[in-house]
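Order as written gives the chain letters A, B, C and D; numbering starts at 1 within each chain.
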Amino acid sequence: MTVPVHLRHDETFVLNLGPQHPATHGVLRVKLTMDGEYIVKAEPVLGYIHRMHEKLAEGGTFAQFMPNTARMDYLHALAFNHGWALVVEKAAGIEVPERAEYIRVITVELNRIASHLLWWAAFLLDLGGFTPLLYAFDDREKIVDLLERVTGSRLTYCYLRFGGVYNDIDDEFIAGTRDFIKRLRGRMPRLYHDLVTHNIILIKRIKDIGFVSAEQCRRYGATGPVARGSGIDYDIRKNEPYSVYPEFDFDVPVFDECDSMARYMVRMHEIEQSMRIIEQALDKLPAGPVMGKAPKVLKPEAGYYYSAVETARGSLGHRLVCNGDKNPYKLKLRSPTFSNLSLFGEVAEGMLLADALAFMGSLDLVIPEIDR
Amino acid sequence: MSGYWSDIVTGGKSLVTGLAITAREFFRPVVTEQYPWEVPTMTPLFRGHIELIGNEETGEPNCVVCGMCQRACPSVCISLDGKKNEGGKGKVLTRYILDFTKCSLCGSCVESCNFNALRFSREYNLASFDKNDFIMDLMQRLEDQNRCKR
Amino acid sequence: MGLMERTQAALAKMFPQPASAAPPPAGEENQEAPPREQGILAVDPARHGCHLDVLCGPGQVVEVARTLDREGYFLEAISGVDWPDKGQFEVIYDYNRLGGEHCRVMVRALVDRGEPVVPTISGVFPAADWHERETFDFYGIHFQGHPNLIRILLPEDADFHPLRKDYMP
Amino acid sequence: METSMWRALLYLVGLLAFAGVNAAWLGWCERKGAARIQRRIGPCEAGFAGLLQPLADGLKLMSKQLLVPQGVDGIIFRVAPVLAMIPAITSLAVIPFSENIGARAMELSLLLLFALASIGMIAILLGGWASGNKYAIISAARSVSQNLAYEIPMLLTVITVVMISGSMNLREIALDQQGGFWHWNIFRLEHGHFLTMWISFIIFFICSVAETNRAPFDMAEAESELVAGFMTEYSSMGFGLFMMGEYLNIVVGACLTATLFLGGWDCPFGLTPGIWWFLLKIYVLIFTFIWIRWTYPRTQIYRLLNLSWKILIPFSMANLLVTAALIKVF
């Protein structure tokens, strides 16, 4: 997008958005060159919460990196657990018992709902609506309680293990999950859609704002709801199924409008689809052990391994290089929002400040995951 | 032009619906818990910092100083020492220091322990002005617990 | 013709000599076996997570990217690997398809550790911009022609490349 | 002479007390109201049901250092918060609280109110400009364009009221509506004004929400975009005065709405008119302000201008014509 003619003069100023700014959800900094309220150039500056997880991975054993994974995307921590478990299981050839796979899917999907709810809450906060935030937190709290029951922690779960999960789920968890799904289904139409989705102010605010074309998504490598909001039918759970996802009947919501509203709708529909997956998984939950046979000390064969999972924000890839040692030789984390954010600069050019922030909110940024 | 009128009508309706929803919520009971006065129930799996498990009878730590927890810890926050057991075989624990400032509560240590010597405490009031409060002597803690039990 | 074969055929034009008849599984070339020649290998996606393993020279990186761009791929990530024993850096490009038929391509290029220079592909895929900056940040690999090759995650004034194996904090 | 001095003093003290109590405890009301809507408790520790919270907040604000950052225009920076507060208090002088309670019943009191309201806007502009902060300047610019856009439909609707009542004196406008809700301007049976006046009322209410920079029209202090807008650089009581000014503006807006459309101190059933009815009306209106704020997301500046220029102004113009026709024809 080129800068409109009326903006092509030199009365610009630089607005430093962040690293401590309410809209950047953490410590992202965006250097905006502005002309009045129009953005001439937007340049995200990263690294304010960089912790060098890739080096930390090289320094410890495979198992010792597991707690770190949850600290990157603290909103969908279990998917990061899952991604790391999958790539190591792939490399070391570890089998996972079926019950553990089901439990993984249930917890990861619950976590996905929690992540989308929190995104929704934070997005509405970006748009100045504070009340929906607390309604969403009320629901999210239920999920967090459920997950605390099985994982022992509330945010940075370290639940998955190579070859299974840390702890079996009990009847109370199953009953609680069913109750939660019933409750969320009851609250969704009224507190989420009637109050917010159909609200004319919100519609006017995010419809036709933040246009990201499918081609832009491809060139920038944007995945997840951002790509699906641009009409790209791409969900790793369907396209290259992992775990036991092929056994469930669910849809991948795709919207063609390419605007913030489309991304919003994708996420709202994904909540429903995740609930469907959880229900099916609970129905089909097989009995059996939750931990498979895994050697205490992992020494995967030397080689190159790649594994991808679908997190709430898009495709998370682990590029693992092993040299036959008990430490990962090299781990590269392909985090979804790193790529999703990289298109911000191009799209935000020529936008109004308020629209750009609404667009940024619709990208669903989790800064620790970008900076790793 | 039709968009203009339908915007006004549907928009107005959506605004009124919004007000009706918040009005209904206004009269419904609160859902929050007032923390210091009400304490939520803790799940059985709650992960506090770790603590040593004492023997049922003697109260001595179950630990045999194998060092598995130390090796499993990704953040190097456990340091322990033992000495040769006089009279018996194996080793006895003499020092067990947990540097809780580094701990990420992953639970690897508890999982790696084969001798039922470690567990998560139920301590959640962990706030202090001094960093040194979190360099915990778990032997001392176990002794205190034993004294309380007696 | 499946997508994988099509991609393989498109890429094969760049490599006049086909890879040796009995290709060793990916990864083993770092061991005792002689180093692999440049070319394309089909690998087991269930084991290695990608369908094609392309080893090319640093000079061919841009051409490979153009070919894959034409085939509708997108760039997932760029990672560097340090092989101090061999005195080489390796740059790994992961390509994937957004939807439709599925095929992952891993493109690897080895460069001299003493003078690590790889041409940039940010002109082909803007996604590479940040990934190349990150690789530069961590390994000090220079991406020739990159419009803005500055540090991205580390502070601007850092004078080290932390993911090099010989880096000691 | 003597009595009029006592009277002036009494009103001075009374109005200042009214302003102070409202400015402080409306903050409490807002927090409690928001909390209820969000199913929380809200302030509950300071005093019974947190009623002493405003005092605690005030004490805290006063005990803080008034920071004047480098590079600000010192005088204007200090004057702006005062300027935000004073017009709001002054406006109360012409509000008729009941038939006999009202500091001053001027002939052009309506005009004075709008003049004072504009000064409040200037205070925001000055505060934002003097801060020398980019967010504050953007906020100041937004606030001005927003206010300019909203004065027009607001004045147009007020003109319809003035036409009906034939006066610009607020007391007389209220007196004109005595005797039950069917005499109030919003539901007025006479000349069939109820056909159009409810639209005027809605337009006026939207405009007063916009005028007071309240959500959903709070672009000037949009905290997720502009940090705190024009208040970004203010600390201590500078910030406190802006907050109090905002609440007082709401009070004035509610008083004006009640007087112009809801019959002032009139009882809906024509029975016992008095100040309590007036207070009831303004607090219901204030609650609506709070209710709206905690229901909707914020709109966008150009959406707001669109709303004003494309919907509110045409509608209020049409209303004006229809009202004139109704008066002339019937």
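One rule holds in what follows: a residue touches a chain if its C-beta (ideal position, glycine included) is under 8 Å from a C-beta of that chain, and two chains touch if they have at least 3 such contacts.
Because the structure is predicted, anything quoted here is derived from the model rather than measured.
**Student:** Using CA atoms only, can you tell me which chain is the most central one in this structure?
**Tutor:** Taking the mean of C-alpha atoms per chain, the most central one is A.
**Student:** With contacts counted as defined, which of the two, A-C or B-D, has more C-beta pairs across the interface?
**Tutor:** Of the two interfaces, A-C and B-D, more C-beta pairs touch across A-C.
**Student:** In whole angstrom, how far does the Cα centroid of subunit A sit from the Cα centroid of subunit C?
**Tutor:** For subunit A versus subunit C, the centre distance works out to 26 Å.
**Student:** Just how far, in Å, is the C-alpha centre of subunit D from the one of subunit B?
**Tutor:** Chain centres of subunit B and subunit D, defined by C-alpha means, are spaced 50 Å apart.
**Student:** Taking each chain's centre as its mean C-alpha position, how far apart are subunit B and subunit C in Å?
**Tutor:** Computed value for the inter-centroid distance: 42 Å.
**Student:** Rounded to a whole Å, what is the gap between the Cα centroids of subunit C and subunit D?
**Tutor:** Each chain's C-alpha centroid was found; their separation is 64 Å.
**Student:** Where does subunit B touch two or more other chains at once, residue-wise?
**Tutor:** 15, 18, 21-22, 25, 31
**Student:** Got the subunit A residues that touch at least 2 other chains?
**Tutor:** If we look for residues of subunit A contacting two or more partner chains, we find 131, 135, 138, 195, 199, 201.
**Student:** Can you name every chain pair that touches?
**Tutor:** Listed in label order, the chain pairs in contact are A-B, A-C, A-D, B-D.
**Student:** Which residues of subunit A touch subunit D in the complex?
**Tutor:** For subunit A paired with subunit D, touching residues are 13, 15, 21-23, 34, 36-37, 124-132, 134-135, 138, 195-196, 199, 201-202, 204-205, 352-355, 357.
**Student:** Would you tell me which residues of subunit A are touching subunit C in their complex?
**Tutor:** Residues 46-47, 50, 52, 54-55, 58, 87, 90, 214, 217-221, 223, 227, 232-234, 239-240, 301-308, 315, 317, 319, 321-324, 329-330, 332, 334, 338-339, 342-343, 346, 371-372 of subunit A touch subunit C in their complex.
**Student:** Using the touch definition up top, name the residues of subunit D that touch subunit B in the complex.
**Tutor:** Contact set of subunit D toward subunit B: 33, 35-41, 44, 291-292, 294-296, 310-311.
**Student:** Once bound in the complex, which stretches of subunit B touch subunit A?
**Tutor:** 7, 10-12, 14-15, 17-18, 21-22, 25, 31, 43, 45-47, 72-74, 104-108, 111, 120
**Student:** Using the touch definition up top, name the residues of subunit B that touch subunit D in the complex.
**Tutor:** Residue list for subunit B touching subunit D: 4, 8, 15, 18-19, 21-23, 25-32, 34.
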